[in-house]
Amino acid sequence: MNAEQILFILFGGVSLIGAIAVISFRHPIYSALSLIVTFFAQAGLFLLLGAHFVAAVQVIVYAGAIMVLFLFVIMLLNLGTLSAKGAMSGKLKGFAIVLGILLAVEGVYIATNVLNNTAIASAQPATETPTTTTYDIGELLFSKYLLPFEVTSLILLAALIGVIVLVKRGSEAEN
Amino acid sequence: MLLSTVIFLPLLGVIAIVLLRGLGASAVKGIALAIGLLTFIISLGLYTGFDAATATFQNVTQEEWIPGLGISYHIGIDGISLWLVLLTTFLTPVCILAAWNSVEKGLSGFMMSLLALETGMLGVFCSLDLFLFFVFWESMLIPMYFLIGIWGGERRIYATVKFVLYTMAGSALMLVGILALYFQNNNSFDLTTLSGPFRHSDLLFLGFFIAFAIKVPLFPFHTWLPDAHVEAPTAGSVILAGVLLKMGTYGIIRFCLPLFPDAAATFTPLIVTLAVIGIIYGALVAMVQPDLKKLVAYSSVSHLGFVVLGLFSRNPAGIQGSVLQMVNHGLSTGALFLLVGMIYERRHSRMIVDFGGLSKQMPVFATIFMIVTLSSIGLPGLNGFVGEYMILFGSFVEGAFSKVYVIFATAGVILAAVYMLWMFQRVMFGTLDKTNAELPDLNAREIVVLLPILLFIVWIGVYPKPFLSKMEKSVDVVVTQVKTQSATGHIEERKLQNSQLALQGTQHEKNEKEAQTK
Amino acid sequence: MELQYYLILSALLFTTGVIGVLIRRNAIIIFMCIELMLNAANLAFVAISRSLGEATGQVFVFFVMTVAAAEVAIGLAIIVSVFKHRQTINVDEVNSLKG
Amino acid sequence: MSLELIVVLLVAPLVGFLINGLLGKWLKGNEKLSGWIGALAVLISLICSIIAFTSVHSGATPFDETLYEWITGETFAFNIGFRVDALTTVMLLVITGVGFLIHVYSIGYMHGDPGYTRYFAYLNLFVFAMLILVLGNNYLMMFVGWEGVGLCSYLLIGFWYDKKSATDAGKKAFIVNRIGDFGFLLGMFTLFAAFGTLDFASLFDAAEADNFQKVFGASTLVIATLLLFVGAIGKSAQIPLYVWLPDAMEGPTPVSALIHAATMVTAGVYMIARSAVLYELAHTGEVVAWIGVLTAFFAATIALTQNDIKRILAYSTVSQLGYMFLGVGVGAYASGVFHLVTHAFFKGLMFLTAGSVMHAMANELDMRKMGGLRAKMPITHWTFLIGALAIAGFPFLSGFWSKDEILHSAWGSSPIIYVIGLVTAFLTAFYMFRLIFVTFYGESRADPDVASHVHESPPVMWIPLAILAIPSALIGLLLGWGGHESWFHHFTKGVFPEAHHEASGNVLLFMAISSVVGLAGIAFAWMRYSKRAPSDEPTNALHKLLANKYYIDEIYNALIVQPIKNGSHFILWQLVDNGIIDGIVNGVAAIIRFIGGILRRLQTGLVQAYIVSMVLGIVLFLAYYLFFG
């Protein structure tokens, strides 16, 4: 068992436990904090995969910006007490979990059996850890994927305006 | 071009009303009436320019519309559709004038619906492309839906939904038929290129026929009609009875008979039975109706039974009579609905029991009502007789079915007198009720609405030749299409039967001889 | 490390997110679960990107993150305004879609 | 004779109708004018008719021309065309002659009625329709007139429309007539199917040459003639469709005289006389004769017990029409039409005198409330007496000649028919003189205030009576002298086929028997009723049966009218239409709604429920794809 494997088990285990914690805690604050843990563990996994840029962005955007937003809203609305009220009916809950497990089984099956026969699996994995530099990504983004890249900026703009409109109307209605 | 103008001028009127409705109610009415009259006047050009010596379609326009799917804007008229087009353009201004004061809310919408409806109906009668036909067929449903649904009576929603669903059920079947024809016709919807025999022609025939039978309406598909009529506003009823029902019979003569002659022959006994049941049934049920509009609605069922009977007689006299009777029914039943509407505006009731002795108070109304009633009964000298006589005579003398049907249908003539005269007696004769003692007689506008109809009622009754001569060639074409295609098959069948009969006969004789010798 | 272990992990994370969406009723937690699922997808992207030795997968992760950011912003704004109207963010109490 | 003459003859009453009908509002103030316009219109027709008559009488060939094509196609042609021959001119003279006198009479009779102009409009329209009926040169034209007179009859019976009994009677007349028309129509269709034409001339030629298509095999003509006869039964009020005529007396009395005695009701006789060729070939005359004689007898028995003057006259008309059918049925077409002519005069006269009585007695119709009118209304009395003597077959008055000819011919056909006819003649004389004795003789039984106002009618009324009385008395002698060699037979010779039943036996003997029977009837009536009024209540079962007209109306009502009405209402409308058909329609809708209701529960509105189903879908699809695909 080499270092990479150990690190994989460590980061993988932490992110999985974090994920389960997200859906298990009653209080949204705890869920949010667990989610941050998961995100950090995933950033570690990205590093392990040699995707330094993605790892960095993961920490900055997800663990940083997005989670702050979550925590901010939770605290703004003071949801602690509300969320505890009422749970899903047992029958449906059980059914949902069974469904989830079935989905997981299928996912694992795909990962182990199906993808083995595809080009992805047959591609020779690089022996030494190949690092994808930020430069590579940048080059792709501004050449091949220029149009989608520009579109994302529009999406962000639209989201920006949308949020302002939504929140503003909400406050107007209040008044 | 002329024909396209006639078809789409009313639509132009709709746009004009949309733009100018700010000018007030009288402007809207004025625009609608002007457009209606203009359309009628232009459509008269179709009549004067019509060449009665040929049966081919005239005033034809053909433009590509969706060439990839073989759909074209292909319109034209022949001697059959000519009359229905004229009937439509004639009745629409009459309806606009009839609705002059009776519509209070949403006047511009009402007028727009009427004009849009006119375009839809004209399109149906002129389309020579199956797809175009279907588009018009369905599109005319929308304004009618609004006319009944918005300006109707108390149970208008039920009536509208029933009307629309009935029609839709039929149209769905027709759509299947149209598509089937499309694929059997080298992926073209063009009616003029269609020529049989088609595969599954029995099923296709039924698909088309049920759609049209619902519209006619043929017994037992008729129950939407009384509801729709009772709830519809006067103008809606007039259009409904005057033109919409004719779309069914027109469809039969344009599609069912010429395209599927064999299937038509196969189903003739069934259809004619239904038609005769409709004649008698409609008359009997009309007799006991307490509501004037319902009575007239059921009388339509009876009258259109005659039309279907004539169509399936498959000989020139019967079919000409049927086409003429379509026009006649449009005029006389239209006039009846107008009259009922006028009395309803005054008294706010359509119940027969609420009336009586009106001829003392409203002599002009009574006189016109009498003439229209007599036309509906089929009194010689008025239009109804000519049509009914030709249908019955054609069916009896050289009809494609047993004379027994005709005997029963003729009995319907007696019943027509019973229900119409009984109604007339209860409404017009007897002592005048106090509540009715103040009813004013018809005013000038109402007389103007009715007079042109009366003119045609008498004209067709006394001198129907101009009407018959224009349609003669076109009807003959239908008849030959029906006869030649079905004849070959039938003659062979008959020969076979005859030889079998002969065989049986000889065997029978042999058996007898044997028995005698024993 | 074999590619498939990453993919298995990705599948498990994704399923966890699905289960969360299904069983939790708090809209914010449901949102978090959606983020979880997006992250699971990102993981698969990156793993396959590495396995193929090219950067396209990571470019996609970048896009996913942008969209996720936008989505979170909008989603949270909606949650806030819903809360203002209804004093709740329980999805089973927001049932205007009922037929 | 020219087409123009015929058109003028025909159109004059139509113009009168239009003037009175359309300008009625303006004529209201001046009712005399309106009446005279109507009368003038008929006078013009009368003059034209006389011209036409002289032309035919001078031996011109029958006029037969087409005015215009009416309903035509490649395989059929129905034209508006006219035929004027001896039979037509006889009918024309009766219609316009009697019609003119009745128009003049009406000017006085209808005086003061609010519907004055309407009355004359209808009456002119009637004359117009009746002229079409007799002038037409084909069956369809005849049918047009046939329906037209039916319409006018309907309008005039229900003339006083605020009286329910009047409008009921009008409606009944029209509908019963329609039943007859049903037969007429089918008869026409059969004829056209066989001959390919409805024109009299070519149709009869083809029939005689046996050159037609046997659509119903050998019995084609039998079926056609019997169907036509159904039409005649309806229009001429024979068994079983006679029920409308007595009720038709609800109309104004001159209408009864013109339409329901002299002209319209005889249209059936005219039609059979016109179709004589066909009836001869089909040998269906016997049916006609039997229906005729039975109707004659049957109606006469009912007339015995009635107390309403006009009803007695109505049943008498039915009875006399039966005689006419008897005549044409046994092949004595000329005699049948001759009786039609004489009857038109004397029955028209009697109706008008009855009207005169009503006029004097404040519209009283029950003769039990009359009596002794002879003194106060001498002209009315004398004219009525002439009419009654004529109908009773008093020697040398008009009815004597025509009825005797018919009975004579009947003997040649079947002695049984003859005997029934003879008994009927006795009954006729009896009930007519019962009417006379009770009304004009004995003590006055009227209300005192009515009785004090009894007066003779104004000249405009009694002059037509007097004029009518002359032909009623003499026309038989003038036209009928000489039996089968008479002027009338001579004149109509070309129209009818040779009679196949040659009258046998001594003509004088038959005349003597008829006279004796008629006189016996009169004498018997004198014995019973010259001194006392008929009793109010029927005394025995037979009397009751007759007084209630054999309960025929009630039977028809119970067996036909009510079942149709109730069946239509409850079974067809309520059950079939609203129950079954709409039930199916609404049932389909209900089923769809029910299914929709079940499916609707899936729409919980809970987003998570939707997601669950979505995930379920993903799982299932994946499973299928992975493990079974």
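Read from first to last, the chains carry the letters A, B, C and D; within each, the first residue is number 1.
One rule holds in what follows: a contact is a pair of C-beta atoms (placed from the backbone, for glycine too) under 8 Å apart; a residue touches a chain by one contact, two chains touch by 3 or more.
The shown structure was predicted, so the numbers you read here are calculated from the model rather than taken from an experiment.
J.: Which chain has its C-alpha centroid at the greatest distance from the C-alpha centroid of chain D?
T.: It is A.
J.: Please work out which of B-D and C-D is bridged by more C-beta pairs in contact, and write that pair.
T.: Answer to which pair has more contacts is B-D.
J.: Measure off the straight-line distance from the CA centroid of chain B to the CA centroid of chain D, and report it in whole Å.
T.: 36
J.: Could you please state the distance in Å, as a whole number, between where the Cα atoms of chain C are centred and where those of chain D are centred?
T.: 95
J.: Distance-wise, how many Å sit between the C-alpha centres of chain A and chain C, to the nearest whole number?
T.: 6
J.: From the mean C-alpha coordinate of chain A to that of chain B, what's the distance rounded to whole Å?
T.: Computed value for the inter-centroid distance: 68 Å.
J.: Can you list the chain D residues in contact with two or more other chains?
T.: Answer for chain D, listing residues that touch two or more other chains: 608, 612, 615.
J.: If I count partner chains per residue in chain C, which residues reach a count of at least 2?
T.: 18, 22, 25, 92 - these are the residues of chain C that touch more than one other chain.
J.: Two or more other chains in contact with one residue: find those residues in chain B.
T.: none
J.: So, with touch as defined above, which chain pairs make the list?
T.: Touching chain pairs, listed by label, are A-C, A-D, B-D, C-D.
J.: Which part of chain C faces chain A closely enough to touch in the complex?
T.: Listed in rising order, the residues of chain C that touch chain A are 1-20, 22-26, 28-29, 31-33, 35-36, 39, 42-43, 46-56, 58-59, 61-63, 65-74, 76-81, 83-85, 88-90, 92.
J.: Would you mind writing out the residues of chain A in touch with chain C in their complex?
T.: My answer: residues 4-5, 8, 12, 15-16, 19-20, 22-23, 28, 31-32, 35, 38-39, 42, 45-46, 48-51, 53-54, 57-58, 61-62, 65-66, 69-70, 73-74, 76-77, 79, 82-83, 85-88, 93, 96-97, 99-101, 103-104, 107-108, 110-112, 115-116, 120-121, 123, 125-126, 130, 132, 136-137, 140-141, 145, 148-149, 152, 155-156, 158-160, 162-163, 166-167, 169-171, 173-174.
J.: Across the complex, what residues on chain B touch chain D?
T.: 162, 165-166, 220, 222-223, 281, 284-285, 287-289, 315-317, 320, 357, 359-360, 374, 379-381, 385-386, 389-390, 392-393, 396-398, 406-407, 410-411, 413-414, 417-418, 421-422, 425, 428-432, 463-465, 468, 472, 476
J.: State the interface residues of chain C toward chain D in the complex, per the touch definition above.
T.: My answer: residues 18, 21-22, 25, 91-92, 94-99.
J.: Which positions of chain D touch chain B when the two form their complex?
T.: Residues 68-76, 140, 143-144, 147-148, 151, 154, 158, 161-162, 164, 167-168, 170-171, 174-175, 178-179, 181-182, 185-186, 188-190, 192-193, 564-565, 567-569, 572-573, 576-577, 581-582, 585, 589.
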